[in-house]
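So that you can tell them apart, the chains are marked A, B, C and D in the order they are listed, and the count of residues begins at 1 in each.
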Amino acid sequence: MTQGLDQIFVTFQHWAVAHSPAAVQPAVSIVLPVAGILILFPSLFAITTVLERKGLARIQNRYGPNRVGPYGWLQPVADAVKSLTKEDIVPRTADKLVHFLAPVLLVTVVFLEYAVIPVGRNMVLADMNSGVLFFFAAGAATEMSVFMAGWSSRNKYSLLGAMRAVAQMISYEAPLILSSIAVVMAAGSLSTVTIVEKQAGYSGFWPHWYVLTPWGLAGFVLFAIAMTAESNRSPFDLPEGESEIIAGYFTEYSGFKFALFFLGEYLEMFAVSGMAVTLFLGGWAAPFSFLTWIPSWIWFLGKVMTLIAVFIWVRGTLPRLRMDQLMNFAWKFMLPMTLMVIFSAGLWKFLPSGVLRWLICAAPIALLYVVLGRVLQSERRIEKRVYRYAE
Amino acid sequence: MTAPFVILAVVTIGGAVAAMTLRKLVHCALALAVCFVGLAGLYLDLNAQFVGLVQVLVYVGAVVILIVFAILLTRHDELPAQTNRTRVAGLGVSAVVFALLAWAVTAGGAQMGAAVAAPEAAMKDIGGALMQKYVLPLEVVGLLLTAALIGAVVIAMEEKKKAR
Amino acid sequence: MTPLNGCLLVSALLFSIGLGGALTRRSAILVLVGIELMLNAANLNFIAFWRYGPHPEALTGVLFVTFSIAIAAAEAAVGLALIQAVYRHAKTTDVNQLDTMKG
Amino acid sequence: MVWIVRNLWLIPALPAAAAAVIALFRQAQRRLAAGLAIGTMGLSFLMALIAFAHMLAQPATEYVNFGWLQFGSEWLKFGWVLDPLAAVMLVMVTLVGLLIFIFSIGYMEHDENFTRFFCFLALFAGAMLGLVIANNLVLLFMCWEVVGLTSYLLIGFWYQRPAAAAAAKKAFIVTRVGDLGLFLGMLWLYSLSGTLVFYDNGGGCLEHAAIAAMAAHAAALGLTASSGIGLLIFCGAAGKSGQVPLHVWLPDAMEGPTPVSALIHAATMVAAGVFLVARMYPLMAATTNGGTSQALEVVAWVGAITALFAAFIAVAQDDIKRILAYSTVSQLGYMMLGLGVGGVAIGMFHLITHAFFKSLLFLGAGSVIHGCNGEQDIHKMGGLRKLMPITFATYAAGMLALCGVPLFAGFWSKDEILHAAHGWNVSAVPYYLGAAGALLTAFYMTRQVAYVFFGKQRETSEAVAHDAATAQGAGAHGAGETHESPAVMTVPLIILGLFATFLGFVGTPAWPWFQAFLEGQHATLDFGAFAGNGILPLMTISSLIVFAGLGLAWWLYGRRPIESAEARDALEQMMPGAFHVLAKRVYVDELYGVTVVRLAEWSARVMDWMDRWVWNGAVQAVAKIVAGVAWIDSSLDTAVINSGFDGCCEGVEHGGRLVTRTQSGRVQSYLRVLGIALIVLVLFLYWSRKG
């Protein structure tokens, strides 16, 4: 029973392939899962927008959307209708082709990233030899679309926003990739499926997730910070800092293209969350051995949504950073920390297991954290804020 | 000569031609990105998965972005076209080079490699080779990248106006 | 035409396009782009020879290209930094006007 | 091998490393420099104590050797040795050094070159400790020279003063004379024994096999080889330890800062000569028949003569430090005498006690000078007993110990030397010389104390201001009242005073613990030993001599308080001629001036003449010939070769002008040429393959 439920989508795919004409069988076996992804994540996007607006509203002590449908749950439908029917305005001086291509490229590339994320047991589009690499390569292409959007709009704010976004994404790509290298080292593979399989299995009822090791924990935190920045989410959302540069690189976008950017951003968020889950949180594996009867895809989606909830929570809590703080943080703090995480993962691999190994591997990370904290703080004098009032 | 190869080759060459002929520099850079993606596709088609993905990651994700930054930071007016003489000379030289190379390929490359069984470049093997046989080049490349990083920063850094 | 020859021809074409660009375009950045193209043409050759060569298990071509990409990244960074510095100095990136060594 | 022996090298290495680090400091980093020097010295002291304790538990000769460098098939081995001798020296040097370092903080506090001073001091300490533990004569010689270098640097520390610079040079050159002997001795020793390692599993040069061979080997002039080598080595020792006739540098060395005088020119470096003799004692004492060797005879005679000679000069000196310097020379003579007549233990015992009380006296003198704002003339002091009570008390303890008043440290050690001299089977004269020296010692010390601490204050404030202005450094912090020194200076004085008073009890005839320790035996307490061997009568006699000296001096100087600084010396009134000769230091310097220096000057003049006329003439002649040949050559060149060459040059220039046109500075034209070159290259390769 549980087995059946777990593999229900796989079984359905096999069934569909088996019952289609032989000529289209390969096409069907490819199209079906792609269609699954194309349906699943945009609908998650719709749900998430409502969740986010409601969650933020609660944090800010107001109601949030509550007019459309029961408790406002049909709000995304209204949003979709609105953006589809709005006039698509393109600035006269804009580079029209590039202006059009930018959102399309973004969504395309982000969808590509889902190819290597295992959504459940046996549920991955392409079990690539170097899946993690593919994921980051595709992610690197999103920078191009951001730049195209900003440049083609012929708007200073757009261009500034694009430059900021690209600088930020490049800067945080380094810690993002480096912190995942620790996992790659530990798993001995770049394949996402293998990485998840390495984390399956339990000691007693306790899982073998990488987040439960010292380097994994530090790596996960670093990865989470970097992926927040990579997906331009608060508190790293300066590229669209409305108080300074209106809406950043999509200032000149409206209607459906704007919706595509919006969709792209959320899909990117789901994708990196999915990657974080895959790398550190055991992918689709259940957190405790006595919970394995719940289907794997439910676990995966649950973990992703938990991370999304954290994203929303962080967005409602933290203020936006300044540009120089952002860069300093990436290069002076995140980068050394990730390097130390890699070192610690190497140590972990060669030490015999036990409490001592935990402590030895945690020590360099903690030490570097303290040292970096001291060094970086020593540069600036933290003083009590002084208020000055006009006469 | 499979269909994917032909398509990717056309994309690559088209991107390259566009990158070298378009008037607007940013368009050139974007065309260059297209060319690099096509090349990455060619690598994947040739079973070199790792290299293909690295090509995208490094060239599209970094080099093209770098070029774009350089273009935006060196704000300039549209440059007038080359004089005819230089253009003809340059195109002539490159055409002769191509003719020579194509002739060399068609005349001399035939004895090697009709279809061979696709070799496997497993990530593990590449990693092993990098860490064992090629560990010294790897370290040297690391050093080179560090030096290039520092050098690029030093060169491009705004010269401080001498105070006092 | 064998697949290898196809690859080599594409690579030769790519090389010639890069060379032609580097010879005719006036912007220093595009000259650099042309050089990048030539480099990539060489990389394509390596991969093609690795794929169709007698000893693919040695991985030489793949590794060479990996190193070459790393070096190309460094080269691009330094080259563009140089163009920046030159631009700041001469207020142009036209290679035809950058013909003096005096500062 | 225990830890301390394996790591004995750390004892010299620590201060030496500190010196290297301090050398990098800026002048302003005074506390850091002093802290580092004192800290490393303290660590060395602790390690020396451990080494000493180790020796105490198991007296033995332990050593570590390692190959340093290879030439041919020979290995030059370096290493260190720990035996009771080295252990005692280590403790003494580190303790005295530590105290003097601390004292220096106070003494040098106003000097702008404070860090440099500590750098030199630490370097000195490192080299001295290295000298003590060296297990190789080469290593010892290297340390010996470094010690000499630091001595030079520190004497000339106030190099702005011509006197200091001259004194530094003098010290360096005079000791070099002795070092030449030492070096010759080393060469001879190496040629005979084939090794300069002291102890090396029976293969060392101080071990039985080598010694026996050298004692049997006869050299010229009726000397055995071992005695010859011993005498040459003694030359070095005499230079370092200021034995007659090489003593002239030591009094002048007092131009250096007082802590330097205390550390280097009283306690440690000058004792290095004595230590060297003690270290080489097996070689020096070696005979085939068991009698007294010729080398030791010379040592004893030189020592005895020095002891008396220097004591005479000390009687008539005015400078507080100069008196102490001559006293040091005299006492070093006693040590040599002790070594010559009695053996290692007797000489070393006096070395150790002397190190403590003489450094105490020097530091006390330093304290006095510091307190009197740089004044050094004893005539201008006086009455300091009340103004500087701590200094006075400790100085008195040191003075009594030096005079050999019964129960003080100096009494036991000096008495032992006299006792050994009395029993010497070669001659009785050294004993009488020593006894006379003891009388004079008591006399001049009492004179000095009477001048400095008793009577009434004689200096005028004007003189103080003048002296303070001229004497840079020492106490040059402006004119002020005579005052007691700060605690950082008095505490080392008190510690040294305690040692000076009580240290002698480790080596009394009744309980000769020290001597036994050095000889690796066990000491027993036996009061009966006083009775035997004529000890008690001799002790009584020497006590009487001492008291006679004290009384005589007190009668001359202490009876009436000395009233004014210009008053003539009591002794001068009695015997003006003799006093004058002594005050001029028996004209030894002048003698050297008319003999050695004049000779050197004369030979230099001869060389100059030779250089100017003989060699220069030859060189000039050769130069003229060469110039003539060159002229012929050059005319050939201009006439024949140049015209052809000019033509070539013009051709090249034209060609260059043509080629220059291709260098337009345009990148793309270069690239184009490259492309064409590529085409040509491919075609060339193709054709060459075909052909």
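Here is the rule we use: a contact is a pair of C-beta atoms (placed from the backbone, for glycine too) under 8 Å apart; a residue touches a chain by one contact, two chains touch by 3 or more.
Model, not experiment: these values are computed from the prediction.
Student: Between A-B and B-D, flag the pair that has more C-beta pairs in contact.
Tutor: A-B
Student: Just by CA atoms, which chain is the most central one?
Tutor: Answer by centroid distance: D.
Student: Would you kindly tell me how far, in whole Å, the mean C-alpha position of chain D lies from that of chain A?
Tutor: 76
Student: So how far apart, in whole Å, are chain A and chain B when each is placed at the average of its C-alpha atoms?
Tutor: Comparing mean C-alpha positions, chain B is 29 Å from chain A.
Student: Quick one: chain B and chain D, Cα centre-to-centre, how many Å?
Tutor: 73
Student: Distance-wise, how many Å sit between the C-alpha centres of chain B and chain C, to the nearest whole number?
Tutor: From the centre of chain B to the centre of chain C is 5 Å.
Student: Can you tell me which residues of chain D touch two or more of the remaining chains?
Tutor: Chain D, residues with two or more chain partners: 668, 672, 675.
Student: Mark out which residues of chain C touch at least two other chains, giving numbers and ranges.
Tutor: 19, 23-24
Student: Give me the residue numbers in chain A that touch at least two other chains, ranges are fine.
Tutor: Counting only residues that touch two or more other chains, chain A contributes none.
Student: If you go through all the chains, which pairs of them touch?
Tutor: Chains touch in the following pairs: A-B, B-C, B-D, C-D.
Student: Would you mind writing out the residues of chain D in touch with chain B in their complex?
Tutor: Touching chain B from chain D are residues 668-669, 672, 675-676, 678-679, 682-683, 686.
Student: Under the touch definition given earlier, write down the residues of chain C that touch chain D in their complex.
Tutor: Touch list, chain C to chain D: 19, 22-24, 28, 31, 95-96, 98-101.
Student: Mind listing the chain A positions that touch chain B in their complex?
Tutor: Its residues touching chain B are 95, 98, 128-130, 133-134, 136-141, 143-144, 147-148, 151, 159, 163, 166, 170, 173, 188-191.
Student: Where on chain C is chain B touching in the complex?
Tutor: Answer in residue numbers: 1-10, 12-21, 23-27, 29-30, 32-34, 36-37, 40, 43-44, 47-54, 56-57, 59, 61-63, 65-67, 69-78, 80-85, 87-88, 92-94.
Student: Help me check something: in the complex, which residues belonging to chain B touch chain A?
Tutor: It comes out as residues 26-27, 30, 33, 37, 40, 49-50, 53-54, 56-57, 60-62, 64-65, 68-69, 72, 122-124.
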